[in-house]
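Lettered A, B, C and D in written order, each chain numbered from 1.
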């Protein structure tokens, strides 16, 4: 399904949901969800309209790459790039299942081809390159495809002199690609160094959860680093650390707020204010060399592959 | 015999047993000359077994050699490369991480900076060096020294022997992820040739933090992997006993890393492993480094050479 | 009257007393119209006294104004320069020092980075901000943001209001001296125009750490000195009561700093001090900054302009 | 007295001292000194021959700028620069004494014109620029002259592409020059930035004691930072800190060894090994652009002003 169809489909589904009145138990469960944090029972449609943020306790639910893009980019402005890049199985990796089977499973579960979507768009009128990771696909893990797509969108931002926004959500490197996945840390970081030398703005947005190889590369290299409230972000996982140091960690350990307090990120911004904040930041950096060339951006969305 | 006074590794047990048998017979030989033929036979058997065992090491066997408690560490190489090497200390911001060793020295005709992770030999050293797992400040100390080398046009050699970055609370608080990421970012653009040698364990981001280099060499029995085999087993197989499977699946050996195009060359170790002859492996390693420094010296654009190398790594369908 | 609801400073006491007297007579006026002439006389006297007092402030009086608890601080200026200013946090290495505030904003037609030291207003804020004394990590946070501004060609404004660097154990452990020195080193070579404004106290190395700039402005009642007057008195006079002498000897006022060629211009404050009108002093300060940004914009070599300025400072016989 | 006379004089004095046999009490006191650290009674001549290091406990006594130069530079290789730069009294500063009187006092006490001597020399054959501070003159404080002489020797190192060694010993900025002395931090640090951009080696040697404005500028900006054993080095003084934090500091606080442990310096080198270490370091950095031009150094000492 291409992105346009997806956006259209969703609109239809919403309308259908609104039209219905009498519900089966199954339908009831699909319509209601209990907040992970405050346990409040929330109507899924309300939750969606509130950008998947609990209206009561402001818990930010995970959202997928497509929702991210819809939320951040101006309507109809997103043009996907590198949509056909898909994983191969270089190591013929097999644990309890083969990597190939796991890839199929990830695709069926999420409807996505990989753990990231990249493209160009406008954000409140500002042309930009945008990448969004999806934790729903293979735990947002970074293998060759994620690394390559990140690298290519960085290179595009460089070529077109467009600010770059990457929204991260990842469990880390994809073990099934072994050392090749480790090397994606090097590849993406090296690409960002070139972007840096071109003085192009790169805003990194960290969302629940962002760990491992992704934080140890592009996610922590933003000129500006923004995190969503409550998002857990770190290098090593909490459980591994607790096993290692044999003591309980503080409750707020590795939360966005903890990172802010410990000087690791620039700001914690609630989801609703993210587009405006990013637009303001782009504006505040749009001097001389950082001025995007208007012709760099197609005025109408490209055909999505 | 092969392992000297060291206790044998698991896969060396048949050899050790045969050796015990031979020694017992040899003690009886003076009083029973008829044993001579049997002893000769056993020696032949021993040599065959040795060739067969060391010629067919599994990944998990190499992992054991890479982690051998008597394997030479970074400081052992530095002492042998140049006994007058001068150590640089500290990140300048409050911490000197002993798990990251930085030194200036002469290597053949080259003046170089060497930066390497350091495991400790005895208990106290191990604790000081955190078993070869640097703190964020260690990676930052390395970067400070990289910048120093770049300023003075000194080639950089990194020696890698680390289980990985340390999963600790302070390490997270001090932004370990950023420390690694920022090293990658800066290493990508250093204007001097950089060579890394994986001496033992090349563990994950902790190894890569000093491993984004022009030329990557691995000692014959060293390993390089995205996660420790134990970590991989416990996550993917949900079983700590599946380490061997994890070792095989992840392709962690020098040869596999070479086949995957990740590393450039393999440095042969003394039979049975580097711990059998520290001087020899130091000499061999030095020769390899100098050979590759000579090669890099004729590269036109050392930064382009390095970034191109990593730009190409990845396997996908387009 | 002049100080509104604020308690008068020591040198303002005669004014405050006269004011009390006038108010008392004015309350009696309705019942005793004959007082009118006397009241008019006192008002004239008050105006003369006011002109005389504020026209003849001693250095120690200005020090009191510079440290006035209601004096506007860095955040008060930022809020008035651009209510939509965006704050940047942290040194990326584990610490976000609230005593150093960094923000991106629009200043007139300019997009700029502002970095300033922050005293706290209430007890909790004061503690958080360590009474305006940054930790080494604060200076490093400032430097990180300076580099950010340089990358994006944003002019930098630094706002200085600090008693100095913090004489604490952790600050020494984390190499406070290096943090300050390294900021000077890097500030010397930044490729963007930099203007600093001393808002209140310009204390020693802690102030200079963000004060090596192209243009230095001082608010009329701010002070700038190599050591706090109290510190100077206790070292040179060995007496904490000699603060006034220290203030006079060290030449700490805006006018004296201008006469010595250290600063470029003086920003006039509302009569009695900036605390009488925050909006006005913010507006005046903004106008001065913009005026000097316009001037720096036509400089050919902004780095040369900055280093030449400091290269020349010093007084000796050759 | 110029430097040559000084060196000659001292040699004569040493010989005279050796010739004498019977001593008055005064002479006895001049010949013997009790170690500040271990209290051992030391023969001053032995102490001097041991570079003012206690043979028993290795306590490093303070030594003056002239001794430093004699110790570090090859015999007869030192050529002083800027010897005539002397302080003026820009603020007409007066505390309990006038600044002018204090300057005279400092001169009489130390025999020096200022708290620093700069020049060129060779160190084990390596041409270099060398500056040595003297705590005996005005507590090694940095006013306009120290700042200017440091800046000029940095500029000379830059022009002549010579490695630079600065041996610091200072109580901090010179209060009697007010804000002008603070500005010397800026001036010297800016000069070092230019030296840095020329890729010239700068070795900073920290000796007992180095504090305040000197550490907050050139002393902490060495490419390589060396400290002498036991030297106390810091920004704020120990007493000020104890008053501020209202607790006792650890015994080793702000010692060279403490700084090494806390990552602030590269090495602690005992005095006797300093010339060899510096020579080795110069050698290890003498590649391409860092190669000194031999013609930059006069083969015979210049006339000392």
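General remarks:
As a working rule, contacts are C-beta pairs under 8 Å (C-beta built on N, C-alpha and C of every residue); 3 or more make two chains touch, one makes a residue touch a chain.
No experiment lies behind these values; they were computed from the predicted model shown.
Among the other chains, the CA centroid farthest from that of chain C is the one of B.
Counting C-beta pairs in contact across A-B and across A-C gives the higher total for A-B. With centres taken as mean Cα positions, chain D sits 36 Å from chain C. Chain geometry summary: the mean Cα position of chain B and that of chain C are 55 Å apart. The distance from the centre of chain A to the centre of chain C, each centre being the mean of the chain's C-alpha atoms, comes to 43 Å.
Among the residues of chain D, those in touch with two or more other chains are 196, 220, 262-264.
Residues of chain C found to touch two or more other chains are 92-94, 173-175, 178, 182.
Pairwise, the chains that make contact are A-B, A-C, B-C, B-D, C-D.
Against chain C, in their complex, chain B makes its touches with residues 92-94, 136, 140, 173-175, 178-179, 182. The part of chain B that touches chain A in the complex is made up of residues 165-169, 171-178, 180-182, 184-186, 188-189, 204-205, 208, 211-212, 224-227, 232, 235-237, 245, 249-252, 257, 260, 262, 306-307, 310-311, 313-318.
Against chain A, in their complex, chain C makes its touches with residues 84, 86-97, 104-106, 111, 137, 141, 148, 151-154. Residues 84-88, 90-91, 93-96, 144-145, 147-148, 151, 173, 175-187, 189-194, 196-197, 212-213, 215-221, 234-237, 240-241, 244-245, 249, 253-254, 262-264 of chain A touch chain B in their complex. Those residues of chain D that touch chain B in the shared complex are 196, 199, 201, 220, 223-224, 260-267, 277, 280-281, 283-290.
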